[in-house]
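Heads up, the next two complexes both have chain A, just with different partners, chain B and then chain C.
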Partner chain A sequence: MKITKNKIDYFLLLTPGLILFSVLIMLPIVLTIFYSFFKISFLTNQFDYIGLKNFYKLLHKKDFYNSLQIVLSLTIIATIFSNLIGIIFAKLLNHNNKIFIVLRVLIFTPFILSPIVVGYTFSSILTDNGILNQFLAYFSIEHNISWLGNSKYALVSISIALCWQLVAFCTVIYLACLKNIPSELEDAVNIDGANNLQKFRYLDWPLLAPALTINTVVILISSFKLYDRVLALTGGGPGRSTETISMLIIRTAFNENRVGFASSMSLVLLILSGVTTFVALIYLGKREVTT
Partner chain B sequence: MFIINRLIKIKYLINIIIFISVFPFAVNAKDQIELDFMVFETPNLPAEFWDDAIARTVKDFPEFKINKIVPPNVGTMGDYLKQLKATDQFPDVMMSNFAVAEFIEAGLLLPYEDEDLVRFVDPVGLGLTNGKQYALPQLTVVESLMFYNKDMFNAAGISEEPKTWEDLMDAATKLKSNNITPFIVGGAAGDSWAAAWPLMDLVALNVTGKDKDFLKDLKSGKRNFSNPLMESAIDAYSDLVKKGWTNSTALSLNYAELQQTFLSGDGAMYPMGGFFAGAVPLDHPFEIGVFAIPALDGSSRLVTYTSGGPAISASTEYPEAARKFAVEFATNVATNADDLFRDAHIPNNKNFDLERDMKGYEIHPLIFEIIEILQTPNFQHVPFFTFEVGDDALVAGMQAEVFSNSQEILSGKATSEIIENLNNKIAELQ
Partner chain C sequence: MPYKRIIISIFLSMIFLFPLYMIFINSFKFELDIIKNPAALPDIFTLNNYLNIFSRSDQLFTKSLLNSLLFTSLSILFVLILSSMLAFSMYFLSNKIQNIIFIFLLLGLILPTPIILIPVFTILKFLKLNNTVVGLVLFFSAYYLPFGTLVFRGFMKNVPKEMIEASFIDGANFLICYYKIVLPVMKPAAASVIIITGTWVWNDFLNPLILLGPLQGTTVTVGLYRMVGQYSINFGELFAFMVLISLPVVIAYLFLQKYFIEGLMAGSGK
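Now for the complex of A and B:
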């Protein structure tokens, strides 16, 4: 193969990106895979090869199944509600009036906030004497609900905080997609006499397919690795009722000094989120092609 | 030409002035010993307390340059230290307000020499590991205390402080029948340690303080948590919840809110460590009293914690200097006085004199009551459960499990489930 100056240039241009990608993305993944076959404690510098024992233990770990169930519940709730509300907001804001431009900026604000800030903000809203219960009390509605202290409601509270931020992202993506719908098509639908529902069903919904793919993938990834908002809101409690897999990994690695075992959990989480995202991409991607 | 020469001279002059003014600092910087020092912040011990305390020691020993490090949460200080260790940022000196046993076992802490301990009234404190002290016994905290609202006790017709567990239950019954919430407990999110406080007291008073071999047997795997003493200790806590004697807000309050709930008069009794006294304002609207939480079997036991001073990293670049700084910091009389005033930490310093050194401070009478309880002759002092060191130390990870299961107790989980959780966890970690 002849090495031309052009090829060297391409290679040189790619090198910084490749180095960053390798060091910041690939190396941690490779290390996680490597660590998951060892019994490691950062505290004692223990490093013993134990083969697949960590994965075998994981199969019997109740806490892991509990966290998996929590993450899956949150993922399903976030995917459905964030997309649904995102579409509604996008449709409502799809106007060119100056007020709507301001509203668009406002609706995106939650997404640029740090998740930990969102967590603490919601904890002040949802605490027993918080704004929500005071608001409910104002309307003489049952207001003694412990939104964060009762395990029945804690997960719902986290879902609300999660969706609040993701809705902002979904809205902007859907809005961008709606803006790209050719006006000729809209005119054609109007001439055909379609009502609003029909217009959405036969025009908007099929053309929103790429936005749905992007949003779903982002939501899936965000929900699987959820950590900071839960940490600020409930710390994984009461008990372990809202402990996500990421929190379990941190606890196992740094509280119980079992870095190898925590790595095996990370690997399983990576595979789970990877497979789920891949399936979603394939399925939603096909829909894009069809439409 | 004349002007150019003048300018050159001025340039030289400026250089000389800069050199003269910077030189002493450069020498100073070279001679200074820079130490990373991890402290913890709480509502009673805010940043200002630590800054003043560090400044006092540095004023006396200017060779030290101290970089203060604060963990995100006092309850997760141990975890944070492990993260720092994993990233090669383990501090040189750290306040030992965490379960130090696993750090000692891992060889991460430097033992103190006998000469470092001569200034302390009780040099042993929480305990020694292989005959060595790894965390300076800077202060004593009485952990098994019940603070109470005197107005509510009077309203319920309770004339005497409960002396036995039965007395305490009688008092709670009377309070409840007067529509007063008998106990304020809780601890949400990162403050799950506060939810565990009553359980740690009950276990220390009735299990580990009574059966001296329990923790050793637990560690060696001879026994687990399925033990009648342990069951009765957990039952004692969960009964309070089942009977509706605790506040319904328990699991949504962080530590600061929990403290405020009692101070606002939302309940009659508050089981907490002596440091709560530091949070009670002198002009508080109602009078607060304090008594020792009684043991279930009527024995006179008191849970105490004598430790909490600085520990030294075994990998510090300046072991001698770090030890010196730690000892000077822990025995600084002015810092001890401020600590007693703010957090009711009773100094374990031989040079500290309550009357002499607390002049200028208006101490809350509760602090004197706590000192009186500590000095009561017949009390057997027992270590605080989950904070033990040496052979009695719990395996790493168990403390967090105790914290989390305490929240489960407050959620209404049965004792059998709690015991099962603890047994599963200890089996997993051993």
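Now for the complex of A and C:
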């Protein structure tokens, strides 16, 4: 359709959103790249060009490697477990009985809670004399585990809080996708005499490909920006053993006032999350077409 | 009746939803009861925790609630208007330009906000909008614009071309066409955008913490964080606070859950 009328009213519709988006999302991305070549302080208004120095410093920054490792392990754990449990829940609840309809509505509720609420909820379950340890004590299993205070277990605790919300999301998306599988296909597979495992491998799994793409991308984004849950659960501790990159960036910029240095970390996170998400989108998207 | 399946499903769902039950039930207990029997029903039922939160001398809860209501509703309104306008007007552009805009929006959609928070902070400071609700609303509107546009774009396909052409022949300009023809058709999309962006904005913690100023500004989530930071934790009040700030989104979800899930599918469908 051609734009034939006067164009002023058209641009009145098109531009406000684009301008706002450019100023508050695109410009900040450019500025992040720009800032990472400077030494900046909010307190003293310092603004000096220092070339690649921030990146040299980053190469030797132990905290950064530590955070990188934490975020990558949490991403891998979350991707595998949220998808796996999500599929199991979805297959289980994909039934037209009224009880299942109610359960399907309830199962999504964790996802709509604020991550910081989720963090405090799990911190009260996992504290040293919390429910989990009381429960373990009741069955006289080893119950002196400090789920949040011991760096070995703290990462497990965070994964649980993270996966809890993501499982809720994955389940609902898989369910929506399962609904679209035509019943004729299922009948055909039943006539062929396939067992349950074969049915899943050759019918559900390929047809769930679009849901797998959505879920994986959402999991990747949530893991890369992980902040609130960790703050509520461990505060990044014990020591720095659970400090995510986002936490390190915010601490460096706003507490230590090393804005340029923090920007160089942001840039690395931007490239890392951008590349990972795009690769996942393209790789999983291809799977959707071919199957 | 698939009894085995029902029993397994209910059992697993109960384990999965246990944390929700725990927050809720413990918000009606006295402190000692919570520590002694965290999973049991209350020995003595009490509303004290809730009353204490409402009657705090620093008015942390009421202030937080009003603030959150204000910037959440403003953000929803902005996202709704801006993204429906953008989705509608993109419809008239050539495919090539549409795709370019689309890629930029996609970039915004997958962007973790901590990456851009520093420059956003400086830009808002430059515009003299740092530490203000207006600045926060503008940021949220920009950040959720891609999602809204995607949802509306999906629904734009349902608007018949003939309807738009006919309105132009009748002498309508773009603004009238948008307002009279397209907006009414996009109502279900609007419901999705309202409930989803509303939930995200309401629940957000880090962005308001930084953009409203780490010291002054408060929202329901920041308020929760402040409460925990101030004294040694009183669990009962903590749980009551969490119930109160989660209730609005949970109720909205229960009423609009169809739109919630449709919107998520539409927003990520392409």
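As a convention for this text, the second predicted complex is superposed on the first by the 280 of 291 C-alpha atoms of A that agree within 3 Å, B and C clash if a C-alpha of one lies under 4 Å from a C-alpha of the other, contacts with A are read in each partner's own complex, and residues count from 1 in each chain.
Here, a residue touches a chain if its C-beta (ideal position, glycine included) is under 8 Å from a C-beta of that chain, and two chains touch if they have at least 3 such contacts.
Fair warning: this is a prediction, and the values are worked out from it, not measured in the lab.
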Partner chain in contact with A:254 - chain B first, chain C second, else both or neither: both
Touched partner set for A:239, first chain B, second chain C, both or neither: first
Chain B versus chain C as contact partner of A:128, first or second or both or neither: first
Touched partner set for A:197, first chain B, second chain C, both or neither: neither
First (chain B), second (chain C), both or neither touched by A:274: second
Winner by number of chain A residues touched, once chain B and chain C are compared: C
Contacts of A:62 with chain B and chain C, given as first, second, both or neither: first
Which superposed partner A:149 touches (first chain B, second chain C, both, neither): first
Residues of chain A that lie at the interface with chain B and also at the interface with chain C: 129, 231-232, 250, 254, 259
Complex interface listing, chain B residues touching chain A: 78-79, 82-83, 85-86, 102-103, 105-108, 186, 188-192, 248-253, 257, 396-397, 400, 404-405, 407-408, 410-411, 413, 424, 428-429
Complex contacts: residues of chain C adjacent to chain A: 1-2, 5-6, 8-10, 12-13, 16-17, 19-20, 22-23, 35, 38-39, 82-83, 85-86, 88-92, 101, 104-105, 107-108, 110-120, 122-123, 138-139, 141-143, 145-146, 149, 161, 164-165, 168, 173-175, 178, 199, 202-206, 210, 214, 220-221, 224-225, 228, 235, 238-239, 242, 245-246, 249-250, 253-254, 257, 260-261, 264-265, 268-269
Interfacial residue positions of chain A with respect to chain C in the complex: 1, 3-6, 9-10, 12-14, 16-18, 20-21, 23-29, 31-32, 35, 89, 92-93, 95, 97, 99-100, 103, 105-110, 112-118, 120-122, 124-125, 129-131, 134-135, 164, 167, 172-173, 176, 210, 214, 217-218, 221, 224-225, 227-228, 231-232, 245-246, 249-250, 253-254, 259, 262-263, 266-267, 269-270, 273-274, 277
Chain A to chain B touching residues, read off their complex: 41-44, 57, 61-62, 123, 127-129, 144, 146-151, 231-241, 250-251, 254-259
